[in-house]
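Next up, some structures in structure tokens.
Look at the two complexes coming up: chain A is in both, with chain B in one and chain C in the other.
For the complex of A and B:
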């Protein structure tokens, strides 16, 4: 009897192992499939950017002839270089300024207690329910008078990206909330002012969230189309890459500029992706932390 | 209805249990509205009370105060000077001087306020219409400058805000007089200007830190939003742009547009676009949510290798700017695109528009496509988040489940899913709201694809396609419309706010995990 039982158990054990193996194999297949689906467009865009025989869209992927024609055209015939520099400049400035705004807002809301704090948070929650684009109508009018649109649009856009960025305090507040309050209290007992607590104690501990905020600020101008298109108003000198290359895929320009768009996409994607993947660790920390802790 | 206790509830069969839950939910709705109503009343009563207390305090300060305090009811900061707070006194006095000078200047506050003709239905904003005239000598046309309604409204609004700030400051400095009186009565010293400056880095550190971001939000979000809400009550559009033609106050007349359900009416268009917007947000959120979690569970399963590699592959869609990836993908699915061509060959002809042969030109396939491509964009975010949560699920739960004989699927549905639902509940709301306003995905995917227009005509002077959300409609009205009815854009914005606010209210009241933020410390 006993022997029989152990045999059975062994059998079942083996069965479980085998089924786990099959399960894992299925998962590997699914993951491989996902990898193909996720990377396919990126391979596609790189391949098409090297296509020489045709500047429009064709329904096969592999170029018949490889070459750098599209890239050469991109820098020689268009303002792409200017757009690229504009966006880069916006990215760097936004990264720095937005970090200052967001971090000071979230630090205050997370670690300091004062009258009206709850009210402020509720107000910002309500304000956040309005579509952000609604504010642009007035901002455009005012910026137009100050000369911050069209070729000066990058400057105006930096202001727009940064000024209200304090409202996006949620993720970094979630991070600050996890630093034990007893640290502050100990420092306060030792006679540190609140400024010293912030500057000498909390800031050095907050490296991940600082990097996360910088990264987010840097990425914002590259991906934004809505606000940028409105302020730039079709002035080539002030365009960002998103606004500039968008037109290339319209019906009228598709036949001449399609492969050039792919080349532009590759050039834009490389620096941004490299920066992002290098700092991926901090991004993941920010995203997961923000979701779990609110 | 009768409430069951836990034991009774567990005795119900599955169907009954679901029915019971549904009943509970339906019964909760009237209670929810009652609660909201009661809360509102409590809020109004609370406000009234605090204003009353404030008046009482002002009166008491006036009767108790000496001559200096009494004088500071007229001259700001006089009480502060009297008690030795020179710095505060100077600031208050400066504020008062600036206020009165601004109000009294020939084109200062009063001037702008009067020109606005606030809320007088039918009246124009600004009184002098600019007009074309001919030069008497050269006989060339030139423009006689009149008022610009946009500016009149803006300066008027700023003046009103300034007046409110003035009243608040008046109250503030009276309160400070009272505090000084109390302190000196106790025989202590009041704070000097030096102490004030020092405290900006200590007790009042929040003011220092908030100064910059709060000013930014006030100037670039609060002010424009109030302004745009006002625009909803005016006739601001392409023809009445304020400069060449003054625009005026319309009252609630604009909102009647929404009730226009006739053919080509705004009401009909609004209803249809809102329905699609909600449908889109629902599908976009939940497909991403479940599939993202599924992918996360697969990657994090024990025994799966190269975890980091799989994650990095998915994260690529976050790293690469959306305009590159989305615009390219939108072309891929076009009839001439690599994937679009294959799909067109395989799908039954009835799915594809007979003339155009493009997936983007069939309302149903276009809508399905944006949802599917959004899965491609959205899964990575959920996957990252879910990975973080999965690592936090206590392992002993799984061990005890294994001992009880739960299989993989049971473990998933009884432990993993409920736990994640609980933790990610609030995030679902944020992502739902984010999708309601998901401009990038919809606009970048569909704008260059000459989509089939809806049968709605051209609400707001723009052609609306089957995939347009409220936010893209708003965007098109401000940028591409033939007569740019900005007031309509503003109304749409307000309605988006109303939809989001109602949703959030319901969700926050129904989901129990509205967590206490202090719990995490």
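For the complex of A and C:
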């Protein structure tokens, strides 16, 4: 009787193991499929960018002839370098300024208590629900008057990206809220000013969120097309990569410029990828660091 | 080293939530003061006001004769130890302890000397290069104390520093704080909800309830002469038994008559009653559990009770007994006073007879709950 029972149990145990294995297998197959679907366009663009025999769209994937022709053209025949630098400059400036704004905003909302704090947070929440392009017309008018369009558009865009960035405080405020307040208090008793508490304590403890904020700030200009296109208009000197290269996809230019567009896409992806890979290390470190509690 | 003086200190949250009111206290130089009370009594709030972490709604706080109401915490020259240690997780133990010195831009040699000296006193020298997360609770608390020590501050504030430790470690750290105090020799203000900590650590104890001071006194004073019923019940464990009964003045002698027994008041208590000229009246009588004695059988001065719970504590028994009216009393009997037979007989439902001596009782007014002899 007893033996029977153990046999049954063993069988059940094996069954559970087997079904877990099948479940895992299904999950891995699905994940692999999703990965292929995800990665396909990236591979496609990289392959297209090295195609030499044809500059327009073709009906096959693997290039017949590999070469750097598209890249050479990109830097020799177009203003791409200029656009790239414009965008890079915008990225760096926005990343720095936006990080300063967002983090100070989050710290203030997380740590200080003042009249109108709740009201302010609610207002920002409501304001955030309006799509950004509602203000485009007004922004254009004002920036036009100040001479911040066309060639000066990158400066104008930096202002736009940073001006309202404080409203994106939610994520970092949420993170700051998890750092025990007694740490602030201990530091203040130890002789720190509010600002010293912020940069000696809160910032090092919030590495992941600082990195996240920097990354978001850096990437915004790389991806933005709508507002950038509006402010830049058709001035090549002020263009960003997104606006500049998009022109090549117009019907008249597509056949001569498609592969070059792909090459531009690859170049644009490089800095973002590099930045991400570099900062990823700190990301993990920050997350596992955590605060010390009893 | 400094005196601390609190005058009419008040703390109001929002519009009318009073956390602390009418708080008056003079703390002498190098005194060890303990604020004790149940949670929500305002003890931590008061400490935080002294530290400058809470605004003061009314009154003044002086440290060394200087009003500090509007000074930032960093300008008050205080050190503080927090309940959850509040160590900086990204810094090593050394840097945690050196934090305040670094902010002051102290020279490297001074930082090194002070941190190492404090670490030696606390026995944490070998952990100086570790991060706080690699330390146990007791070690973390030592680091927190060390961080406060290197500051050479005027006042040392401790906010329930032992509450996060387990019972054994708590006893050990308590003893270490007493030793530490002799080494540091400064003014201490210590907050706790644990009356044992208060009794063992404090030169004077401040007992608080609902934002008001109930009594200030040495451990002996608050234990022997509690000002009111709250203090009487709060100090001492298990807590004091209290019951409504009558004080009878008869033929020049005082008696109390709890549950039909008639027990004479003797010694200093009787003298004090006489000196105050108190006559027969209704009172709340307080008797500490350890002041009960077992008697062998029923007599005119004993109370018969049925045992409900028998807690064997090792050196003593805590008997939760029920009197005929259904009132519960706690009686503490040293194990050594009982023979084997008696010990065996003390099961659920067994009847015992208890009485108490005439000189150890406390009398409270049923209306005001104040000690009528205080």
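We adopt the following convention: the second predicted complex is superposed on the first by the 269 of 294 C-alpha atoms of A that agree within 3 Å, B and C clash if a C-alpha of one lies under 4 Å from a C-alpha of the other, contacts with A are read in each partner's own complex, and residues count from 1 in each chain.
Following the convention adopted for this analysis, a residue touches a chain if its C-beta (ideal position, glycine included) is under 8 Å from a C-beta of that chain, and two chains touch if they have at least 3 such contacts.
Worth saying up front: this structure is predicted, and the values here are computed from it rather than measured.
**Q** Touching A:180 in the superposition: chain B (first), chain C (second), both, neither?
**A** both
**Q** Which partner does A:278 reach: the first (chain B), the second (chain C), both, or neither?
**A** After superposition on chain A, A:278 lies in contact with neither partner.
**Q** Contact-wise, after the overlay, does A:201 reach chain B, chain C, both or neither (first, second, both, neither)?
**A** A:201: touches chain C, not chain B.
**Q** Have a look and say if chain B or chain C is in touch with more residues of chain A.
**A** Between chain B and chain C, B touches the greater number of residues in chain A.
**Q** So, does A:29 touch the first partner chain B, the second partner chain C, both, or neither?
**A** neither
**Q** Check whether A:85 is in contact with chain B, with chain C, with both or with neither, and answer first, second, both or neither.
**A** Neither partner.
**Q** Contacts for A:189 in the overlay, against chain B (first) and chain C (second): which applies, first, second, both or neither?
**A** Second partner only, chain C.
**Q** Taking the contacts chain A makes with chain B in one complex and with chain C in the other, which residues are shared?
**A** Comparing the two interfaces on chain A, one with chain B and one with chain C, the shared residues are 180, 193, 289, 291-294.
**Q** Help me check something: in the complex, which residues belonging to chain A touch chain B?
**A** Residue list for chain A touching chain B: 20, 23-24, 27-28, 30-31, 34-35, 37-39, 41-42, 44-45, 57-61, 100-102, 104-105, 107-108, 112, 114, 124, 126-127, 129-139, 141-142, 159-160, 162-167, 177-178, 180-181, 193-195, 198, 219, 222-223, 225-226, 229-230, 241-242, 245-246, 249-251, 254, 258, 261-262, 265, 268-269, 272-273, 276-277, 280, 283-284, 287-289, 291-294.
**Q** What does chain A use to touch chain C in their complex?
**A** Interface residues on chain A, with respect to chain C: 180, 182-183, 185-193, 196, 201, 204-205, 289-294.
**Q** Residue numbers of chain B touching chain A in their complex, please.
**A** Interface residues on chain B, with respect to chain A: 150, 154, 201-203, 205-206, 208-210, 212-214, 216-217, 219-225, 227-228, 231, 295, 298-299, 301, 303-304, 310, 312-325, 327-332, 334, 336-338, 340-341, 376, 381, 384-385, 387-389, 392, 408, 423-424, 426-427, 433, 437, 439-440, 443-444, 447-448, 450, 470-471, 474-475, 478-479, 486, 489-490, 493-494, 496-497, 500-501, 504, 515, 517, 520-521.
**Q** Chain A touches which residues of chain C in the complex?
**A** Going through chain C, the ones touching chain A are 51-53, 72-74, 78-80, 82-90, 99-100, 103-104, 132-133, 137, 140, 147, 151, 164.
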